[in-house]
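Submitted below is the structure of interest, expressed as C-alpha cells.
Naming follows writing order (A, B, C and D), and every chain is counted from residue 1.
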Amino acid sequence: MTVHRHYTLTISCPDRAGIIAAVSSFIAQHGGFIVEASYHTELEAQRFFMRQEIRADSLPFEADELRRRFAPLAQEFDMSWQLADSAVKKRLVVLVSKQDHCLDDLLHRWRSGELLVDIPCVISNHQDLRSFVEWHGIPFIHVDMTDKAAAFDRIAALFEQHRGDTMVLARFMQILPPMLCQRFPGRIVNIHHSFLPSFVGARPYHQAYLRGVKLIGATCHYVTDELDAGPIIEQDTVRIDHGDTVDDLVRYGRDIEKTVLARGLRYHVEDRVLICGNKTIVFR
Amino acid sequence: MTVHRHYTLTISCPDRAGIIAAVSSFIAQHGGFIVEASYHTELEAQRFFMRQEIRADSLPFEADELRRRFAPLAQEFDMSWQLADSAVKKRLVVLVSKQDHCLDDLLHRWRSGELLVDIPCVISNHQDLRSFVEWHGIPFIHVDMTDKAAAFDRIAALFEQHRGDTMVLARFMQILPPMLCQRFPGRIVNIHHSFLPSFVGARPYHQAYLRGVKLIGATCHYVTDELDAGPIIEQDTVRIDHGDTVDDLVRYGRDIEKTVLARGLRYHVEDRVLICGNKTIVFR
Amino acid sequence: MTVHRHYTLTISCPDRAGIIAAVSSFIAQHGGFIVEASYHTELEAQRFFMRQEIRADSLPFEADELRRRFAPLAQEFDMSWQLADSAVKKRLVVLVSKQDHCLDDLLHRWRSGELLVDIPCVISNHQDLRSFVEWHGIPFIHVDMTDKAAAFDRIAALFEQHRGDTMVLARFMQILPPMLCQRFPGRIVNIHHSFLPSFVGARPYHQAYLRGVKLIGATCHYVTDELDAGPIIEQDTVRIDHGDTVDDLVRYGRDIEKTVLARGLRYHVEDRVLICGNKTIVFR
Amino acid sequence: MTVHRHYTLTISCPDRAGIIAAVSSFIAQHGGFIVEASYHTELEAQRFFMRQEIRADSLPFEADELRRRFAPLAQEFDMSWQLADSAVKKRLVVLVSKQDHCLDDLLHRWRSGELLVDIPCVISNHQDLRSFVEWHGIPFIHVDMTDKAAAFDRIAALFEQHRGDTMVLARFMQILPPMLCQRFPGRIVNIHHSFLPSFVGARPYHQAYLRGVKLIGATCHYVTDELDAGPIIEQDTVRIDHGDTVDDLVRYGRDIEKTVLARGLRYHVEDRVLICGNKTIVFR
C-alpha cells in the first residue's frame, strides 16, 4: 500500500539495449526516488514494457512538467507511455444487472478506502440495486434495454458525460455491441464466470456441470469485439466435487468472481496492466 | 492409509429409499465392521452410488462367500456392483514415450509402498527409459510404432497377457485408436497436460501461452474414443505470469501433471471412482 | 444447495459395529429418504460421528415425533444427538468493532439468501457501523466497554434475550472472559486473522511480517477459555512476498478472513460441524 | 527458462536515489543487454536489493573483467554484491537419511536437465539409498553418526573437499550443531515438514494432527543456529480433513515437501534469494 503521492510511469517500446539506463538516469538526474520498478520483454513481439513508481515529493516539479521533460526521451525510443498521478483518482462507471455480489464487494472496497477510485455513477438495466447504491451516496441510473441500440448509445454517452476512465461490467449480463467495445479499447473490464477459454458465452456453470470438471473458475478480462476473447487480466479456480449441484457451482462461483474482479480491477487502476496484442503484462 | 485388509464394495443402482439400510443391515448381520462409507445420488440420472470399506477380519468368511451372499440383494435393487479385496493388488500396465516425470513419480510411489499395486511391465515406443525401469526390476517392453495398427494390437495383447487391470498413459504422446478405447472402458487412465476442456489435442502449453491465460492445469481422465473428452477424474491448476515462456509452462506443467495423475490413479486404484455417463463420482 | 425442507440428524456415540445399519433401518422403516449421509470414526477417542439429511416430506410425521421415536435407539447406542429442522432458521448474534469487511460479507450473504439464518441484532462497542446495519433493517446495539465485566454481562444477556443460537465474533477485537466462553460451549464462533497455531494473540499480521513467512492465513474456530486455542472449523492461506508491507498483509488478510468465516459459519449453521475434544469433524 | 549464457548480478546496499540509474548506465555503457531486472527496498532496514540478468554475449569481455570494472561503482554505493556466471554450475551436496521422496525428486530434476547444478556427492547416515544414488553415477558417502561431533566434522570436511556451494538437507533428520550452521551462513538449505513457525522440531505432522488444523504445510529455509528459525525461502500448504490419519498427513506432506524444496532450491541456485536479517527477498 503506497501512502505517499507518487507518479506511475508506464512505457512500451521496441526492445533494445539501454532503455532502463536511459529512463532511470532521466529520473535520477531530477532527484526522482523510484519506489517500485518492473520490466518485461515480450520476446515474440520484440517489445519492452516498463513500469516505475516515483515519489512525487522527490521531484522539484509537478506531473505536467515531468511529462514535458520526458517527451523527447520517449520519442527517441519510440515509446507508447503515460504518467499517472496518484492524487488524481480514476473514475469507474459500474454496470450491473440484478446480481449484486460483485457490486457489494466493489462498493465495500471503495467505502473502506481500499480501492482508491471515484465512482461517479452505477448504471443498471434493473431497479433492484438502487437503494443499496444510493445508500452509498452514489447516483444510480436506470437504463431501459428495450431498444438495445439506443440503450448502448445512452450508456456510452453516460460514460463520457461522467468522465469515466474505466467501464466495469460487474455481472452486467448483456453483450456489448462491437461499436462500444471498439470505442473504448482497454477501458472496459468484464468478469466472466468461467475459467476462459473454457465455457465461453451463456450459462458457463451449467456447461461446467455437464462436462464434469473438478474445478471451476472466473476470468477478469478486457472487453473486445470478440465475445469473452479479450486480453485476460486475472483468473482463479476453486475445487468442486460430484456432490455439488449447479446451484452450488453458482454459489462457489460468486466468491471467486468477486475476488478475481477485485484483483484485476486493482491491477488496472494502479496502472499495473499493459496490453500486448491479446495478452496482458501484469506488474504485480 | 488403511492398514488392515479390507473389502471395498462399490455399488450403482436406480435411486430409491432404503438402499443404505438394506446394504448396511446386510453387512451388520454378518458382523461386518464398516471403516469408511460414502453415498451420492446423481439427480439427473436418478442413480444412487455407494462405496463401503469393510474390515476383512470382521467377517466370518472370505471375499467370494461375501460376493455369493450379497448377489441376491444386488439383484433386488438392480445394482451394478463389485467387491475388491485389498489383499489382491491391482495390476497397472504403464505406457510412456520419452518424458519420464510421470513415470519417475509413479515408480517412486510404487517402490516406497505408497501406491499399492503391481506393475507387471512398462511399455514404450522409445528405448530411453529402459535402464531406469529395469533398475526397479520391472520388465521394459519396446513397441515399434511404424505400423500403428499392428503396434496397438500388440499393446492390447501385452496388456491382456500381463493380466493388466488398468492401462496408464503416463505422457504416452500417442492417440489410441477407438477400437482400443472401446475395448477397455473405464480401464485406461490418461494424464492430459491442460485444464480440460481448454486446449484439447496437441501442444496445449503452446495454446495456453498464446491465449495468455493466468493459470495452467492438468487433467487425469478415462480414455474414450473421443479425444480428451472422457470422464474427468482429477484436475488442478497452477499460477503463471507474463514472464513465463512456453518452456516455463512446460516445467510448471510437469509438476502438476505428475501430482494430478498420482491423485487420480490413487482414487482409481482404491475403487473411489464410479462412472456415471461422462462424469465421475470420486469418493475421496 | 438443498431446496426441499429437510431434517438434519447429527450423532456422536461410542464406536461399534451396526450403528449405520440401526440408524438407516430406523429411517427406512418410516419411509425416510436420505439426501446426504456422512460418517466418521475418531480412532483415538473410539467415537463414531454421523450426519444425515432426511427429506421432511418423505416422513409421515413432524420433527418432534421423529425425535420422540428416535430417542430409544439413541439411548441404546449411548448417543449424543440432535435433530435440526431446516424450516427453523438458526439465530446469529453478530459482534463487531470498527472493521466491517466480515460484517459486510455476512450481511450480503444473508440478504441474498445464501446464508439461511436470522440475525436478530448486531452488537458493537463502536457506533461506526450503525447506519450500514440499520439499512438492512437489523437492530444495532451499542455496548459501552468502559466497565468490561458489566459489558460482557450485558452481551450475554442480549444474546439470550434475542434467543441467539450462535454468537459470531466478526472481528470483534475484544477478548471474551472465560465465564462467557464456558457458558456457551460450541456456540461462539470467531475468526482469527492468522493461520493458527501460528501468531496467537494481538497483531498477527505484524508478527507474520516480522517472521518473514511466505503465506498468511485465517482461522475460523470455536471460542474456548484458552485464547485462540479452541477447535478449528476452517482455515485457509494466501501467498504474499517480500514486496508486501504490513498494510498489504492486512488487505490480503481481509479477503481470506471473510471467506474463511463465511465457510466456517456455513458448515456450522448447516450442522456439519461436530466437536470431538479440541478437534472438529466437518462433514462438507 | 534462460537458454543463453548470462551473468546474474545481485546487489544489496544502503538505499538512496540513483542506484538503478548508476548500475543500469554502467551496464548500458558496455552494451550489456539486461534480460531480467528486479528491485526491492526493505523499508525498516533502509536497504536496497537488486538482481539483474545480463546476456553474456552482449558484453565485450568475460565475467572477471566485468567484476573488475564494476568494483569501483560497488564501493561508491557501499554494496554487498556478487556476479554469477550461468556457465559455472553450482555444486550441491545433498544430505539424506532413509526417506527418499525429496532425493528422488531432486535427482529427477537434475537428470532431466531442469535443475542445472552439479551434485558431487550424496551423504547419508544410512545405507538405504546407495543403489539409487549410484545408478545416477553420483558418489554415495555413508557417514556413521555414532560419534555426532566427529560425524559433523566429517560432513563439513566432505562438503569443502567436494567444493560444495550449497548443502541441501533433503529430509536429513539430524539437527546440525551451531558450529556447522555458523560456518556456512546462507549456504545450508533445509526442508521442514510443517508450515513454520507452527510445529517447530520433531514430529510436526503428529503435532498438526493433535491440534486439528485444516491445512498442513512445508517450509524451505536457510539453516541458522536456532532450530527451524532461519530465513524462510518458500512455503506452501495443502488441505486435509478430519478423515485423514497421521499417516495420511505424512503422505500429503511428502508431496508438498518435495515441491517446496524444489522451488526454494531453484530460487537459491538461480541467485534469486537475497537475505536481509532473518527474512528473504525472493526475486521470482
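Please note the rule applied: a contact is a pair of C-beta atoms (placed from the backbone, for glycine too) under 8 Å apart; a residue touches a chain by one contact, two chains touch by 3 or more.
In UniProt terms, the chains line up like this: A, B, C, D = Formyltetrahydrofolate deformylase.
Quick caveat, the model's predicted, so the values are computed rather than measured.
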item: Interface sides of chain B and chain C: same vs different residues, half threshold; value: same
item: Relative orientation of copies chain A and chain D, as a Cα rotation angle in degrees, nearest 5; value: 180
item: From chain D, the most remote chain by mean C-alpha position; value: C
item: Distance between the centres, which are taken as Cα means, of chain C and chain A, whole angstrom; value: 36
item: For chain C paired with chain D, centre-to-centre distance based on mean C-alpha positions, whole Å; value: 41
item: Chain B: positions in contact with at least two other chains; value: 36, 243, 245
item: Chain A - residues contacting chain D, complex; value: 17-18, 20-22, 24-25, 27-29, 31-39, 41, 58
item: Contact footprint of chain B on chain D as seen in their complex; value: 1, 3, 36, 100-101, 104, 108, 112, 114, 132, 135, 243, 245, 247-248, 251, 254-255, 259, 262
item: Residues of chain C touching chain D in the complex; value: 40, 42-43, 195-199, 211-215, 217, 231-237, 241-243, 245, 278-282, 284
